[in-house]
Amino acid sequence: MELSHVDSSGAARMVDISEKYDTVRRAVAVATLVMKPETMTAIKESTIKKGDVLSAARLAGIMAAKKTPDLIPLCHPLAISSAAIAFSFVDDITLSIRSEVVCKGATGVEMEALTAASVAALTVYDMVKAIDRGMTIENIYLESKEGGKSGKYERTG
Amino acid sequence: MELSHVDSSGAARMVDISEKYDTVRRAVAVATLVMKPETMTAIKESTIKKGDVLSAARLAGIMAAKKTPDLIPLCHPLAISSAAIAFSFVDDITLSIRSEVVCKGATGVEMEALTAASVAALTVYDMVKAIDRGMTIENIYLESKEGGKSGKYERTG
Amino acid sequence: MELSHVDSSGAARMVDISEKYDTVRRAVAVATLVMKPETMTAIKESTIKKGDVLSAARLAGIMAAKKTPDLIPLCHPLAISSAAIAFSFVDDITLSIRSEVVCKGATGVEMEALTAASVAALTVYDMVKAIDRGMTIENIYLESKEGGKSGKYERTG
Amino acid sequence: MELSHVDSSGAARMVDISEKYDTVRRAVAVATLVMKPETMTAIKESTIKKGDVLSAARLAGIMAAKKTPDLIPLCHPLAISSAAIAFSFVDDITLSIRSEVVCKGATGVEMEALTAASVAALTVYDMVKAIDRGMTIENIYLESKEGGKSGKYERTG
Amino acid sequence: MELSHVDSSGAARMVDISEKYDTVRRAVAVATLVMKPETMTAIKESTIKKGDVLSAARLAGIMAAKKTPDLIPLCHPLAISSAAIAFSFVDDITLSIRSEVVCKGATGVEMEALTAASVAALTVYDMVKAIDRGMTIENIYLESKEGGKSGKYERTG
Amino acid sequence: MELSHVDSSGAARMVDISEKYDTVRRAVAVATLVMKPETMTAIKESTIKKGDVLSAARLAGIMAAKKTPDLIPLCHPLAISSAAIAFSFVDDITLSIRSEVVCKGATGVEMEALTAASVAALTVYDMVKAIDRGMTIENIYLESKEGGKSGKYERTG
């Protein structure tokens, strides 16, 4: 496997991006939640004790995108240009969360998009855990990214 | 579904725990990562460009447990008594992450354990994404929790 | 004026509360926003470009209550037991924000309640500033507090 | 799912600024505090138990300007170029706080200036609340801003 | 060396303190700065361009005590009861910074005191670096601590 | 009120850098730890109860570099391009920590490098304090910096 410039000691370090140029970068990540049908009904009907689940999860995801460099040790701090979260009810037990993050900078926003989707999913869990402790977050992954030297990526399969 | 004390307006709020008593509470969460066999080899052999993957993921997970109330809007701040992360290689493409969080307090640490496992998984992704952008986080869930009025929970199936 | 234990040098310090006992403490703060009638209409009809104003302001206020010791230099860190924000439309230009914070601890939650109300108000401003830059936050004050050695306080007049 | 256009559902999102260009932007905000005459005397004579009130409020305001994107959910993170806070005693019960924030970036610093002024005011309250719990923060508003597509704004009246 | 309960794998973890009882704990740390005589004169005469050095360093140190669990990966979060910073001019090139932190909790505040002293010292450096880039922080150490199972410690020599 | 000029009153303020241009800036800082020989042996042999000391200290230092503007009141927020920490065992009681931080921006990264080295040193202390409470951090200083109007600096002597 071509690992350019592997640090011979294996020590963690933040990769130097000072020579990279700024481009518009975009990343989309997805998280899926599987729950009981009655949990989904409660989310849709907003009868959850802690309040409106999707509004809270959306804001939590957006705010988490901004906190990514605080959470992921070797992530570069960067000033994101936008963050958005969308929800869709796939079937009567599956909620899909899709995050999109954009920035104009020297490094990508994959981690920001993945963190946003993950924290949105965790917030949904927090708000419904009193009625569905077994809810599972499934399949957090990067759907696509564009911008930067490595160019466009689209998940396949 | 029995939703005690549903706020009639549906507005988000942090549930009042001032009348709850302190007990020792414990929660265990699990996150699973699926990757290419050569990625797992690189993690095991510590030839990842950004450094030792599991050490970084472990610390990131522990630190994230402490940040949980900053991330999850309606989570209560609480002083955790311990946090630990363990890794196991399930097969040649599957890495399992297990977090355990303990506190002595008036509310549970399920969200702290889930957040720790999630951020540990995201950190693994960050460190190997240059060689395996398609790596997927699967199956983040609560394995067990104990303490508090609702008592013991063990995930089944 | 009776300033017990004035530090002779005038240096800032966090007052020692290690000898104080834990009681349930509660504080209510109020913030008022004055805006153009069409701004209020847009808030009520949720036609603001940035999204649902009151949901975002509510969550921002609750999260800010948790961040109070990070913002106010000499505030003690404390684990709040609950935080809630309520809105009321006083007339066609006046929005009133009321925050209530509770904790069981050795010091009061006045600053947490005031910070929650202030950040909720700032969030409203942020979301509507594109259409009403002249909106004013008026009259942030402590409405009441109870618990602790100094007992109950109710604002008069 | 067309996230990049105006969301018809009214969901909160961080507006995309990746196509906007960097300009020098400046914003000035004002907060006013009304207190008892003896409180103002104590502030002026620095006989407050918690220490020098205005020094602490000034630093808290400057630090809060930097925390704005953590507090206001849909604010863009940005690297401010300067922040300053000035105080003036308007009369024997009125303290005026003026904040000025500058940045070179793709979005304005109105929220940073308003947050700085608000947190400076809250810090004053915190430091004198033991002697004047009824102190009120009045009239937080944007005085002026310049830079960016919408150009110069000066509050009138 | 008697290392009780060494984790056989050597993995980082936050030691479990849920079985420990709360006592009042106190720690004092010291940091020393060595600078040019003219730098010390500028600090004393408050002619530093960035403002009053010792006020800023004092507040920064107190605020840093509260951030300790965010900075030191395996530190337990705890609610400190007080924090204070004192300065003394030892001679015409030496400034001594002394921090004292108190808490009532299940673990000590040594790291809080050391972090407070260190960040106060770094803040002094920041404010005078334009005139004395060679300033050195010397001898950050724990002077004493009391409370908890291990009891009282006083540095000797 | 002329905030943009040098404040004659000596009030703290964040110096305006909006007119400064972006260059690549680099800073190297050093911190030294002096400990008992058996402590150093325990670090080298990774028999410390809390886990692998140097891995944790390295990550803590890198993460602290990103938190510098949160800790040092008048530091400008900036997006660092890289951060790295190296350790060397100078003799059987002396551990040297060297941090290097790079950014492309309008102000230097001296404080980021110093903060990274300091927090790495504090983390080492935290992890071994159970066996060596008398460990001392010595000689935190800036070794060199380059970039910006003031150009290159190398510590002498």
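Letters A, B, C, D, E and F name the chains as they come in the text, with residue numbers starting at 1 for each one.
Throughout what follows, contacts are C-beta pairs under 8 Å (C-beta built on N, C-alpha and C of every residue); 3 or more make two chains touch, one makes a residue touch a chain.
Note that the structure is predicted; figures quoted are calculated from it, not measured.
In this assembly, E is the chain whose CA centroid lies farthest from the centroid of subunit A.
For this pair, subunit A with subunit E, the centres built from the Cα atoms lie 36 Å apart. Put simply, the C-alpha centre of subunit B and that of subunit C have 31 angstrom between them.
One finds 15 Å separating the Cα centroids of subunit A and subunit B.
Shared interface positions of subunit F, defined as residues touching 2 or more other chains, are 7, 11-13, 15, 52, 55-56, 59-60, 63, 67, 70, 73-74, 79.
An unclassified topology is adopted by the chain contact network, corresponding to no line, ring, star or complete arrangement. Contacting chain pairs (ordered by label): A-B, A-C, A-D, A-F, B-C, B-E, B-F, C-D, C-E, D-E, D-F, E-F. Taken together, the subunit F residues at the contact with subunit B in this complex read 52, 55-56, 59-60, 63. Subunit B makes touch with subunit C in their complex at residues 11-18, 69-70, 73-74, 76-79, 105-106. Every residue of subunit B that touches subunit A in the complex is listed here, in rising order: 1, 3-7, 10-15, 38, 42, 46-52, 55-56, 59-60, 63-64, 67, 70-75, 110-111, 114-115, 118-119, 121-123, 125-127, 129, 131, 133-142, 145, 153, 155-156. Touching subunit F in their complex are the following residues of subunit D: 24, 55, 58-59, 62-63, 65-67, 79-86, 88, 98, 100, 102-104.
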